[in-house]
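Labels run A, B, C and D following the written order; every chain starts at residue 1.
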Amino acid sequence: MLKAFSHLLARDLRLAFRSRHELANPLIFFVLVVSLFPLAVAPSAELLQVMAPGVIWVSALLSVLLSLDRLFKQDYEDGSLDQLMLSPNPLVILVLAKVCAHWLLTGLPLVLVAPLLGMFLYVPDEAIGVLMLSLLLGTPVLSLVGAIGVSLTVAVNRGGVLLSLIVLPLYIPVLIFGANAVDVASDGLSVRGQLLFLGAVLALALSLAPLATAVALRITASR
Amino acid sequence: MMVEADSAHTIPLLETRQLECVRDDRLLFSDLSFTLTEGEILQIEGANGSGKTSLLRILCGLRLADAGQVLWRGEEVSVVREDYYANMIYIGHLPCIKGDLTTLENIRALLDTRSQLAPLDEIEQVLALVGLAGFDDVTSKALSSGQRRRILLAFLLLAKARLWILDEPLTALDVEGVALVETMLLEHRLAGGSAIFTTHHGMQLPCAMSTVTLGRAGNQPC
Amino acid sequence: MNGSEFSWSEFFHMGGYAVFVWSSYGLALGIVLVNIVSPLIERKRVVKRVKRAIARDRHASQANNS
Amino acid sequence: MIKKIWAWIQRFSSPKHFYAISGKLIPWFAVPAFLLGIYGLYMGLFVAPTDYQQGESYRIIFIHVPAAWMSMFIYIVMAISAAIGLIWQIKLADMIAAASAPIGAWFTFLALVTGSLWGKPMWGAYWVWDARLTSELILLFLYFGYMALQSSIEDQRTADKASGLLVIVGVVNIPIIHYSVEWWNTLHQGATVAKFDKPSMHIDMLIPLLVMALAAKLFYAAIVLMRARNEVLYRERNRQWVRDLVKKL
């Protein structure tokens, strides 16, 4: 079972690295959107500092959303998804492997590049750590919950807008607590509560979302 | 001993009972019951849109029948899913092949989903058999569609499943490829395996073969 | 309004909040009506469709018989 | 015993049976809904006293609060029937869920608009990011997501199951969303002056509120049955009983 997990994870990572030009897209999108804000508002430090947590978190949300398609779309179209579903291994484990690969390819790079963007938007140094930590706890939830959305819409033609309509409302708690953690940390206050909440949501998503995704995939496969 | 042998005969490998399939408000088939024993080869016949692919997907458990049951060795497929999937292989008309992976990697990836390992020399042997000798490190987007189909044939052989469910296995194959599939089916049967397949090409197997014909129930009020 | 005598103009005036109160109640009434009417219209449409399907099938069977 | 109940459920939930019974049931919901609605309006507009703080504008709550309750209630009903449909493969439950969605969305919309109409004189702005209004807005999006998914999948059975799963995922999320919005709201309290929550409500105000809420529930029951009947007719349009029935209409 563990082998099935690691083999699938390795396959997805290998596939992603074979088409390297697509690999960086979510990351570039993330940086691009964040750097649009100073241009649209004003490059004033105090204004940007206030907006920074929200801007960074909303951009992270959007770039994860845009990358969700590659979670199942390709596999659905070329029939590999059928083979996964005909595996003697539990589908939940395979879903978890795919989500894990997706997070490693999109969420993790966002976490790593966040300090740079924090600097762009004058986030105080002491809040940078919290920014990374909040993204580290929050982005896996985005991948996990997003997986449910994609698996429901993967068979729909032009399902992009539909996917955002389904998924974005479910992202709101993560957005609120993630952005607030950074905001509060900028004022030098304790963010234990916020991070604990994000951790709790992550634990919940980790235990329930793969189940829901597996059910959703079985529904979609019934074509 | 006698009793055991007897019961092995009375419980078929795969059995369907009163299957019904509705698609886009059309009744494709209903009350479809048939059995498949070990070593039996079964062809599903029917015109376009008569529900052949839907039937195969129902047999695999990918699609839910609107009524009826599919039994694997006498038990409902959804109950014995793990055992069923370890012994059954389904190849649909989608390629299942990743263009960015090499032939070898594609085969390994497909076998991995079944949790099966195959030593390299065995894979090479089978690749030679399906006419892909020397292609093992070529990325699949460089292959023709017939060659990609042959990767699936290699997968089929390496998986060593007892039941093959093949949807249009002859698609994109040349004359040699067709002959290859025919030999594969024959040898599979000799080894005691069973197969269910659909095809639009005439397939001549010099052995007993049962058929199930899907009628044109379409457009009728249910 | 709970004064000694009831006056309609005062009632409609709603203590200066007439716009807000009456547009709320008006919207509620409108939504209630839409919810009643739309299933009725939908029903007519469905019935019409089924009738057309019946007619089509009758034509088809007649064509087959002749 | 269980088998008997199961058989009974199967019988009742067969579309044909449901169609016959629901036709008889509708008046039993619709008439009381109408009478209670009239009574509630009378109590709310004529009998309930003027609020000493908010003046007459508070009378909007007799619309707003029942609508907000309904928006939640209908979503939960949808989740329960979707779960029944998914687990026991009862088509009728899926139809109830599908028929409920537009009604729920309308109530949510009503709660949103009346909330902002109430807010204008109180807060001085039509829209304030108040916890309840924000939650209603998110709920409206959840309804839209359900309806969009339902209508964009062609195969009816797949559409029912997919959107049913979505509504269940949504209902698991609602407490989390609600909690985070509440929490977020208390952090940024500055904007809100007055809150909607009961300022130790007078009994003459409470009665019309509850009467209106009950009327709204009965109204929903009547409308959802009407809509579900349409669904039954449409989805079973190829069955003989529907054809026989339609011929008589």
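Everything that follows uses one rule, which is that contacts are C-beta pairs under 8 Å (C-beta built on N, C-alpha and C of every residue); 3 or more make two chains touch, one makes a residue touch a chain.
Computed from a prediction, not measured in an experiment: that's the story for all the values here.
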Identity of the chain that, by mean CA position, is farthest from chain B: C
B-D or C-D - the one linked by more C-beta pairs in contact: C-D
Between chain C and chain D, centroid-to-centroid distance (C-alpha), Å: 17
Euclidean distance of C-alpha centroids - chain B vs chain D, Å: 47
Distance between the centres, which are taken as Cα means, of chain D and chain A, whole angstrom: 32
Distance from the mean Cα position of chain B to that of chain A, given in whole angstrom: 37
Junction residues of chain D, two or more chains touched: 155, 157, 237-238, 243
Residues of chain B touching at least two other chains: 64, 221
Contacts with 2+ other chains: residues of chain A: 222-223
Interchain contacts (touch definition) - all pairs: A-B, A-D, B-D, C-D
Parts of chain D lying in touch with chain B, wherever the complex brings them together: 154-157, 237-240, 243
For the chain A and chain D complex, residues of the former touching the latter: 148, 152-153, 155-156, 159, 162, 165-166, 168-170, 172-173, 176-177, 180, 197, 201, 204, 208, 212, 215-216, 219-220, 222-223
Complex interface listing, chain B residues touching chain A: 57, 60-64, 81-83, 85-86, 88-90, 92-98, 100-101, 105, 109-110, 112-115
Residues on chain B engaged by chain D in the complex (per definition of touch): 23-25, 27, 64, 66, 221-222
Residues of chain D defined as touching chain A within the complex: 86, 138, 141-142, 144-145, 148-149, 152-153, 155, 157-158, 161-162, 165-166, 168-170, 172-173, 176-177, 179-181, 183-184, 187
